[in-house]
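Take a look at these structures.
Both complexes below contain chain A, partnered by chain B and then by chain C.
On to the complex of A and B.
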């Protein structure tokens, strides 16, 4: 397997870097402008768990180098005041390996689960330990919107951690200025802008998209449907759809799919820089938005984390090379936001684990995360975090969306659905849909695959 | 899947830091530890074996030598196999009551039927294409000038890993619009000849055939080497006798070469057949099973690790097991005949 060798190479280069004294975290530390020891925090909340000095908590996540360094740095204040050592392990095979480790009696103390669906699977094994009351209090105070996604069958299990916003359209401010285009504020404006761009620019296309992502191919298209579903059907119907209270081939879903098809399946509108509609299926999600830079594509709908995919040297800012606008709703007043995030699940109930869970759900951690952020992607689900600490412009934009009092936040539907659908037939169905399968067949196929029990 | 109780075993034997072996030093320590354990077990077996002598003693010695192998096979192969078979009958998530549900799903769900169809296409095409090409090549270059070089040329792909070969071929098939500079070799040639470029890995059933090309490319070298050796082993007197009888060309091949290398042909065909049946790397690397290209081995990985349906995954694994049995049995019978 290539992954093994990559990991081995990574470990080796890590050891080399240490040996040569080239600290990998040096740059992120200086970016954050904090010293080695981190910020001092009030230790009282964690002293309640007893004397923890000398204990260790293992953390297993899907966040690997280089994004793991700022994460590790954000644990410093907790480590300093409690004497607990946090052992961090990131793996790209996280989703496949975690169930094996948990079933094999080799579970980590804490895992960051990127999908609530995975949390449900883990809870079903009976190995997940509910967090202490302190964590639940913190979540109630700091991230009420996300709480239900960390809850399984009425029991609260996992506190939210990081968060991202998916309802963004990436564009080039310069190209919009040159064409005299305005940022659309309603769905109709977005569609007429699309038409306008298509007729003004025969050599480029208004949209570019790509859903290829290895064995996860198809997921960017599911985000499209979810975002539009939130807009055409509303949050309540969206929730019913997620919970299978309406069938997957319901008329409301068909309407959303049809609306997405007006863009993604219209050869006049896609696929800027890559070719016809079918190229969406084979263009990797990492590459998909890049034609925005060379002018062959005007708009690319993708989450806040796409900021990391622009080539080095790209100025990602409101007045820079690329920037993002909010994917408009039906009316300018509505403000649905689609997003995702990770959740902290514990597999041990030792006091130091509980203390660390409490720290991760605190405002202190969210602020420290922003302070030690480095290259961006440090928005947390924490509403009471100090947003001014975020330095990255995309992070700021995302935090604005998440804390907007008018916003209706909804979690990525495919992450909430059972794995067989949300990480299986929904992805596959959308991929087949892109390469020519019609709307009804696609929806019927996904509906049929929904697990009976 | 890793057996539940056994997976926890290493943690109870090995101290935690050694088990994880995160540092370079730790990895070396783990390696030395493993070598020492091996040496101790080996030494113990030898020591015990010397204690027994005589006719009876020889039998005990034999049993002693077989013990570690039998033990490891039991733990690493037989137990997991039985467990997998057991799981395949216990419903989708492998924890329900016994039923044939998973097998019913396997043969009725349209998705899985496509998977079975693809595996059938692979198993029919790859062994015969690879062996055919290898045989033709072996005959053509036999005793020709530059034979060693020609052999090395077709044998080289064997030394590339499946994943490496897949990545190389992914570049060969890469698609760009006709109007843009081409990075894929195949589309580059198409464009040069004035045709439209096309998406090789998108259209059914062309995409499966394109993946099969990669496997044939890798395996033809293996077939060629074995068959070439077999051809060279045909005694010269048989060939000369045939020549004296006026046999030549196709007749020589049909009546002399083919019967003489029959057993080598069977070995090559069955070996490639088994390798093809469990094909995983090429499909996962090149299309990840998208666009109706998935095969059984790729699908059972998906079912277990992505869809949380270990029962269906186990059923697919059992199917693969059942399909391989006749080939292995045939191979064993052939080898018996030889011996």
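On to the complex of A and C.
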């Protein structure tokens, strides 16, 4: 696509939006509410924890710069209320480091766990402290969908925090308009659209995908299976599959895998911009969707957080360079949503830690998070948060999916399965499947690896 | 990241070897020795060719990384670095500007200072302790000396990863250091001591015993002998080990992450670089620029101390 005036204007507006976002979270001369002092909130809920002035709470997360600044900014109202200092630490090595620190006796006060599976591991160490009643009340009121994922063996341990939606297909609105393609509303429409794009455009492919992700290679393919499983087999079977009440090589899983194979293993449909089917295994998930920008690929299925991967200057909006549509269900009425999120686990039972947990589960925090958002990714699990405060278009779209009354929300299955499968053989099996292993062998392999207990 | 250093090695080594083996040439004509054969093999044109080929192969990834660090984000993600030679002039400094720009939660200057604060004591401490220990092992006879020396050296086999959790437990619960610089300095010292003791001991053992005897006749004690006579002679060995240890600590991510944590006020440059890519790795194109920023100091140190490095290697390796 040539760099025409529309595109330049789009790029300009993208840059402008970015500049506004930066000034909104960085300086105090922007409009009130989003400056460094934070919003005024009702401090009453935290007075019950006593005088906390001068205390410190350490927070350890996997969220690093630049996404950490908006997070830190969202703690301001709490700090103003209570005089507590929140000491934030983000690390890319979070998942490996947290168990070491907990076992070494150097645990943080609060950690944001990105997977329920990790929560189970942490609870098993006996160091996780259950939250106060206030947190549980907040969770019951604000995020009932997520509560069970923060619960281990019947005890509620961790309140949900952020959320992301995985059931998205990224596309270029311009290319769809040029080809006269409509956004599909059912799975059959999606498949016939795929067929049509493939026959209309011999030089490009309808889909692009990439599952390379270092030592987590394979996870984007597991999301594919989960999303399709949720559609072909339904939420109840999906739950049974997660809990291993049906075997991994059950017919329903085989059907979902077969359905995914119709796209990911069809050389006519993939891998736009990269080559044949096997290149899916070697293309990194960060780069996989980029061919959408230059026209060599039409659709890329990836979560809402993929918005951060578009190069600087890309206008991510309904009328911009790239946008996302909901991965359609079997019928237009059904609305299953696959998603993920973080959970707040505490390793200390000091009053200031409990007060902070209470704040993080409150509507006030979710709203402040939206206000200080910056570059996006600020959707929370909180259903009662004011969705109109979200400014980023992708965030708005994600929030719509999560709060849709027809939506059936399900958590990412590989995050819920035992680590040996969900962060091991499922990834590896899918990678082998991409490079040529057949369906049945793949499913048998994963089923055999399920821990017996 | 450290692929640049070895490239300088093969040529230099063979050069230095040529110099050092040169005086031995007349003697070799009289009597062929195994060492002579080895030296001749190393200086043959074929060996030089092989050395050059290895050097080139070894340098290619570094060159690729270097070229990549000047390319734009989309180019990095969509095509290989070698294709950039087809469009010269497309280079940009954006990656460096972005990598060097600091936010409230990450500041590269602070990270550099932290790394230096971590590195200097973590290099000086093990060298000092190891040279003292090496002196005792080499020149003070005491019962069980050899067994103890073997035991110290055997610790070299223990991977440091298995010591992380117990050490952290000791620092936090027994010593009360918690996450502080002391924990990192001590840990690096602990992990470095076996190799340091072994290297310096071997070097020290090579020195003529007459030197020590003469000093003792003149009334010098162990302390005087160590500081006035041995330490000046040890310079090449200390410098060689110093470079090893310096590079190791400078490039270390694991030990500082475990014992110090990654808060911006204490995090070293490696933590800064690792965080550059963003939470989900979306900004990985910045890593090549970040790598070169962090590489500047080690490369400078290596080039500055290279003389000692080669001398130290030769001192330990070519005896007899």
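A few comments on the model shown:
Here, the second predicted complex is superposed on the first by the 421 of 453 C-alpha atoms of A that agree within 3 Å, B and C clash if a C-alpha of one lies under 4 Å from a C-alpha of the other, contacts with A are read in each partner's own complex, and residues count from 1 in each chain.
The rule we apply is simple: a contact is a pair of C-beta atoms (placed from the backbone, for glycine too) under 8 Å apart; a residue touches a chain by one contact, two chains touch by 3 or more.
Quantities reported herein were computed from a predicted structural model and do not represent experimental measurements.
Superposition of the two structures on chain A shows chain C clashing with chain B. In the superposition on chain A, no contact is made by A:240 with either chain B or chain C.
Of the two partner chains placed by the overlay, only chain B lies in contact with A:451; chain C stays clear of it. Judged by the touch definition given at the top, the superposed model places A:127 against neither chain B nor chain C. Contact with chain B, but none with chain C, is seen for A:275 once the two complexes are overlaid on the shared chain.
Judged by the touch definition given at the top, the superposed model places A:65 against chain C, while chain B stays out of reach. In the overlay built on the shared chain, the residue A:350 is in contact with neither chain B nor chain C. In the superposed model, A:309 lies in contact with chain C only, and not with chain B. In the superposition on chain A, A:217 makes contact with chain B only, not with chain C.
By the touch criterion defined above, A:103 lies against chain B and chain C together after alignment on the C-alpha atoms of chain A.
When the two complexes are laid over each other on chain A, chain A has residues 100, 103-106, 214 in contact with both chain B and chain C. Note for the complex: chain C touches chain A at residues 73-74, 77-78, 103-106, 164-169, 171-173, 178-179, 253, 257-258, 261-263, 271, 274-282, 284. Per the touch definition, chain B reaches chain A in the complex via residues 1-2, 4, 7-8, 11, 22-24, 92, 111, 163, 175-177, 199, 201-202, 284, 288-291, 302, 305-309. Residues of chain A that touch chain B in their complex: 1-2, 11-12, 15, 95-96, 99-100, 103-106, 121, 214-218, 274-275, 278-279, 281-282, 418-420, 423-425, 428, 431, 435, 449, 451, 453. Against chain C, the residues of chain A that register as touching in their complex are 62-69, 72, 87-93, 97, 100-101, 103-106, 213-214, 273, 284, 286-287, 290, 293-294, 305, 308-309, 311-312.
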